[in-house]
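Some structures are shown below for you to check.
Next, two complexes with chain A in common: one pairs it with chain B, the other with chain C.
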Partner chain A sequence: MKKFKTFTRKYLCLPYGIFMFVFIVMPLIILLMYAFSVKDGTGGLSFEFTFSNFASVFKSDNLAMLGRSLLIGLITTLICLVIGYPVAYLLADKKLRFGPTIVMLFMIPMWVNFLLRTLATKAMFEFIGIEMGMGTVIFGMVYNYLPFMIMPIYTTISKIDYSLVEGAADLGANALVTFRKVIFPLSVPGVLSGITMVFTPTITTFAISKLLSGSKISLIGDYIDLQVEYMNYNVAAAISLVIVLIVGISMLIVNKYDKDSSTMGGGLW
Partner chain B sequence: MNSIIELKNLTKKFGDKVVVDKINLAIKKGDFVTLLGPSGCGKTTTLRMIAGLDYPSEGEVLFNGSDMAGLPPHKRAVNTVFQKYALFPHLNVFENIAFGLRLKTVEVEAVDRKGVAYLKKIKLSDMLVEQAYTDRKGNEKVKTVKFKNQYKIEEYVDKKGRSKKRKVWLYDKYITDKVKRALKIVGLTDYENRDVNSLSGGQQQRVAIARAIVNEPQVLLLDEPLGALDLKMRQEMQLELKEMHRNLGITFIYVTHDQEEALTMSDSVVVMRDGKILQVGSPIDIYNEPINSYVADFIGESNILNGVMLEDYSVSFISHTFECVDKGFAPNQNVDVVIRPEDWLVSSDAEGAQITGVITSSLFRGVHYEMECLSNGYTLIIHNVDEYPIGSTVGLSVAPDDIHIMRKEKEFNSFKAVFASNNTIQICGADFECNPSSLIEGLSYDTDSEEATLDGEVISLKGREIDVRVDFDKIEIEDDENNAPLAGNIESMIYNGKSYVVSIMTDVGDVILADTEYLWDKGDRIGVKIAPKDFIAQRSENEEV
Partner chain C sequence: MVKYNKKKIIASVFLGLVIAILYLPIIWLIVFSFTNTTSISNWSGFSLDAYKELFAGASSGEIFSALCNTLFIALIASAISTILGTLAAIGINSLRNKRVKAAYSAVNQIPMVNSEIVSAIGLMLLFGLFKTLIPMQGNVEMVAVIFAHVAFCTPYVVLNVLPRIRQTDNKIYEAALDLGCTPWQALRKVVIPDIMPGIVMGFMMSVTLSVDDFVITNFTIDGFYTLSTLIYSKASGKKPLPIEMRALSAIIFIVILLIMLGITKANQKSKDTSKAVNK
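Now for the complex of A and B:
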């Protein structure tokens, strides 16, 4: 009888490996298969290879929608950065006694369900009487994703050794120069992490645009949602694949600017 | 007045805690001054106030005679080498050192809108300079450009041996030359492009020093710069720092808790304790003429003994009368006697020696032997190049001028006490049982009824104030603070040959000295007990009047 002699740590990885295969690798394979196969009337998988799904993705109105999604993603990320950085910078100031309270205030809305929160925003706009459109969609995006920009930046800034600030001052730097030459360069990993965490979800989100534009503005996420509703899985898979590629490329670009990639995502709590 | 930095009544409080307490100090231009003291004595805070990183609560820091109050660190002509280096991790060695240079400003004459001339501070790189150039027509001309755009044409020979010309940007060259020179001074030539995180502790320390001295400050502040280095590296850096000080000719203010470091490097040592300056002097003065037993104990090893000054030039300690060089004490005044271990003259035969003793332990210390010798019940520490075997009887002598005599800071504890009830008094915020009849003259006290009678009248003592004294050896130290009325922390200990004089800091901030046979550790939490009979009434000054 063969004995189970050596129980090493690698066996502990087994459940995780199985989980990864079933819920990450398999879905990706299925996604690939759907994307490259002909539509089966029942919504199941057919094994007939085709590029036609991609052809329907790259129709002009779809490309416009993709462009709009990327644009909204970029604008949202930029606004989040412009608002989030100063907030994170102020919060990281150890002299600020109510800093942790403000962090909590930013985090509490995150505990409310995302759909509920967006519906509430919609109700607020209707109550105030603001017309739904591009502006309200971007507001909703910023409102939802701002904490994801603040948190990683806040964490990296608060980790900066205060003696570096004193050192810079000692060498003749005033507050502005200290910020420009010391604090900002050292907070770049947090900024990149924040950009990743805001940009990625905003380009594929669907509920916010639908609810906050009164279904006037349709983004790529809404289009995928629609295709799935019509059981048009093949086209939905093809679009998803294109987005995976776009996100992948943008992350590669972002990471290129981040020498110290070990801090990536480390800002998330 | 040739002092570059002067501290006047400098005080720093953090909340209620006084960290630096009204210190006065003048630092001469070009000196190497060391602030020496145990951790928490206020030396680093003093340095930070000179640097501008902390602002004084009271008092002034004068720089070349003018007050620097409120001047932020970036406007002061001092640079600091930080304890933990504080190098910028995102910059390489070159950029770390060039950091201050690139921010350098110069004063230029300018005219404001009303036509009044004034001095304007501009960045060195924006300073206007003249640039010779040849225009398109081949005429040689001169134009005014910013320093960062000034260049000169340099001829060089390329790889193929052809003679060519190229532009050399003078501002960049200026920075590069300065950085290279600073790196050469700290012994790190060719380290410009290294990542600071890849350097060893010693190398990082050198970069930190280079980063400070490259700005040519008038005063260089060093906050325990060698604290993180190992012993060998530290000794090497000590010598190099001293060498740098000689070559640069600027004032160094150095903070350390290492007395050896202070004695090795300084022109002048400032011994600090509890936010106050105890003594200022040259290393030799501080070592040979410590002002009190605390300084003597802190600076090097020493025998600190209780003595009695019999008359001028005659002192008695360890049950023997010695000739000394001190005078001006009251007859029979209690004093502290300090004798450095290497000042004992040892002989194997007792004849002709002042005292005799038995060697009880011996340790080889490299150059000398460190021996303990028991004489008349006192343990003495002796350093000698010759070893005397354990158990042997030796004769000991000491030259009159090697006997250092100091006034005692305190001869007994005195307290302002208040009666909490008829038989308890309150000192340092704690209630102690006492014997009221021995404290107040003419008072009779009945232990059963707890009634106090004075001049035939029954009185209540509660609230009555009284000055009491308690001798050092009457203070009992208890392991468990809960078993004693008063709790405190051990602050310091000084061995006097027979017992330890322990300084106890109570929770309310009073210092109590106790004489004990047992060795306690610094920072130990202990309880203080005093027997009722050991409170002795002291006539307060008011009463005498």
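Now for the complex of A and C:
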């Protein structure tokens, strides 16, 4: 009986608290430990401190790979923005009345495994006989991540109070001015979460670049994959930390402009 | 009026073009699952070879067991995630200590914000250490993948359930206790039914995420295949894609397409009826 009296609902989060510590926090601590210790032949932890893993990450040929990943990430994000913004804007335009089925058509590809979609593009390029290279990789990236740009922008634009748009028109603003002064500024949070949702996975995905370049172009993700294959866990951990740093910095930059980040996780469904 | 029509035509053409690009590879794959050629130069007409190969070919056993593994992992991991996440959401909501609450929500965000590949490497190293520290027997590999999936699914369950709990009235739970319920009864009979839509949504989302996952599975799996890792292993070689994989992808695309369109239609209908009721 005493047990029931002392029970409060807050204890219900204890199991998940423990779970989170073991499966979310611990992996990050272990990554940190691996990244700063000498390679142990068996793949275990050696507890011998070193910076050499980071030194081998920043070798000159790896710097080119890092740069290439960032470049592909930037180009992909830019193309997704240029195509995705107008799409989201038109879908959200209340006068045009595009129904939910049309909106859904843009979202469905997100639910198909990215591997399958990449495979489809690969098979198509192979079949038509297009040379695999930088162009096909960027096509694959844009193709995979475009819905992730459209979705948050669409969500923010459709949430804009339409009377603001009408008010601007009543006050003499033409369509262009209304867009520039009312709609665009209000859609910035969506644009920013779109940028993070495209940029982060683009610079770290492996498989897409490998499949669509015929293993010619390797990005950070492929490099990690390779290190894991060679059991260079310490180097893999070090480069994972570099990724955490890059993603963290880009998110800080984005969050600086973004005061309402509610569109990021919540809009997924 | 005429002006809007013109605008709509231009908009439709643009959107149609983007949709065409988005679906071109998918439709291409579906169409070409009905022929057995590997390149455009020797088109050989209609054939069901790909499907024959898929259901009764040399590798169909392997594909079927990968499918079973995928579904098994998804269901078990989602069930665990849903229970863990729902309890956590109820608990987090009643936490008074703001710092503990903030810590929970921050750690809960990590798997969603972090790059998949970083989470994957972290989990892989964690499981590696577990294996060296604790001698284990049995189907450890499967358990590892399930735990990895629970780790990235549960945060979404928490995020789906938490807003539901915030909307419910805290006093109802207390009233149930005052009326003689044990806390467990009060949760089961009062709180859980109230937040059920969030729980169902969280479960469905977990299943989708789990079935769809490739990166984390790829680094934590050992000795068996799920659909995504099997497809990757068949596709990453120098050889062109085996034709049975074309048939498999076509089937998966069509199933997902039908499910998503069905959900949209169902949502629309329920919205329409709720509108009619409100009137």
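One rule holds in what follows: the second predicted complex is superposed on the first by the 247 of 269 C-alpha atoms of A that agree within 3 Å, B and C clash if a C-alpha of one lies under 4 Å from a C-alpha of the other, contacts with A are read in each partner's own complex, and residues count from 1 in each chain.
Please note the rule applied: a contact is a pair of C-beta atoms (placed from the backbone, for glycine too) under 8 Å apart; a residue touches a chain by one contact, two chains touch by 3 or more.
Everything numeric in this text was worked out from a predicted model, so none of it was measured.
Look at chain A after the overlay: chain B and chain C fit there side by side.
One geometric descriptor of the composite model is the angle centred on chain A: between the Cα centres of chain B and chain C it reads 80 degrees, in steps of 10. Once the two complexes are laid over each other on the shared chain, residue contacts for A:Ser240 go to chain C alone; chain B is not touched.
Taking chain A as the reference chain, the count of touched residues is higher for C when chain B and chain C are set side by side. Touch criterion met: A:Pro86 reaches chain C, while chain B stays clear of it.
Of the two partner chains placed by superposition, only chain B is touched by A:Leu186; chain C is not.
Once the two complexes are overlaid on the shared chain, A:Ala55 sits clear of chain B and of chain C alike.
Contacts of A:Leu12 after superposition: chain C is touched, whereas chain B is not reached.
When the two complexes are overlaid on their common chain A, residue A:Ala64 makes contact with neither chain B nor chain C.
Minimum C-alpha separation, chain B to chain C, in the superposed model: 10 Å. For the contact definition in use here, the chain B contact set and the chain C contact set of chain A share no residue.
Across the complex, chain B is touched by residues 161, 163-164, 166-174, 177, 181-182, 185-186 of chain A.
Contacts from chain C toward chain A in the complex involve residues 4, 7-8, 11, 14-15, 18-19, 21-26, 28-29, 32, 38-40, 84-85, 87-96, 104, 107-119, 121-126, 128-129, 132, 147-148, 150-151, 154, 156, 158-160, 173, 182-183, 187, 201, 205, 208, 211-212, 214-215, 219, 227-228, 231-232, 235-236, 238, 240-241, 245-246, 249, 252-253, 256-257, 260-261, 264-265, 267-268.
Touching chain A in their complex are the following residues of chain B: 51-53, 72-74, 78-80, 82, 84, 86-90, 99-100, 103-105, 211-212, 215.
Note for the complex: chain A touches chain C at residues 4, 7-17, 19-28, 30-31, 34, 42-45, 83, 86-87, 90-91, 93, 95-96, 98, 100-102, 104-109, 111-117, 119-124, 126-129, 143, 146-147, 200-201, 204-207, 210-211, 214, 221, 224, 228, 233, 236-237, 240, 243-244, 247, 251, 265-266, 268-269.
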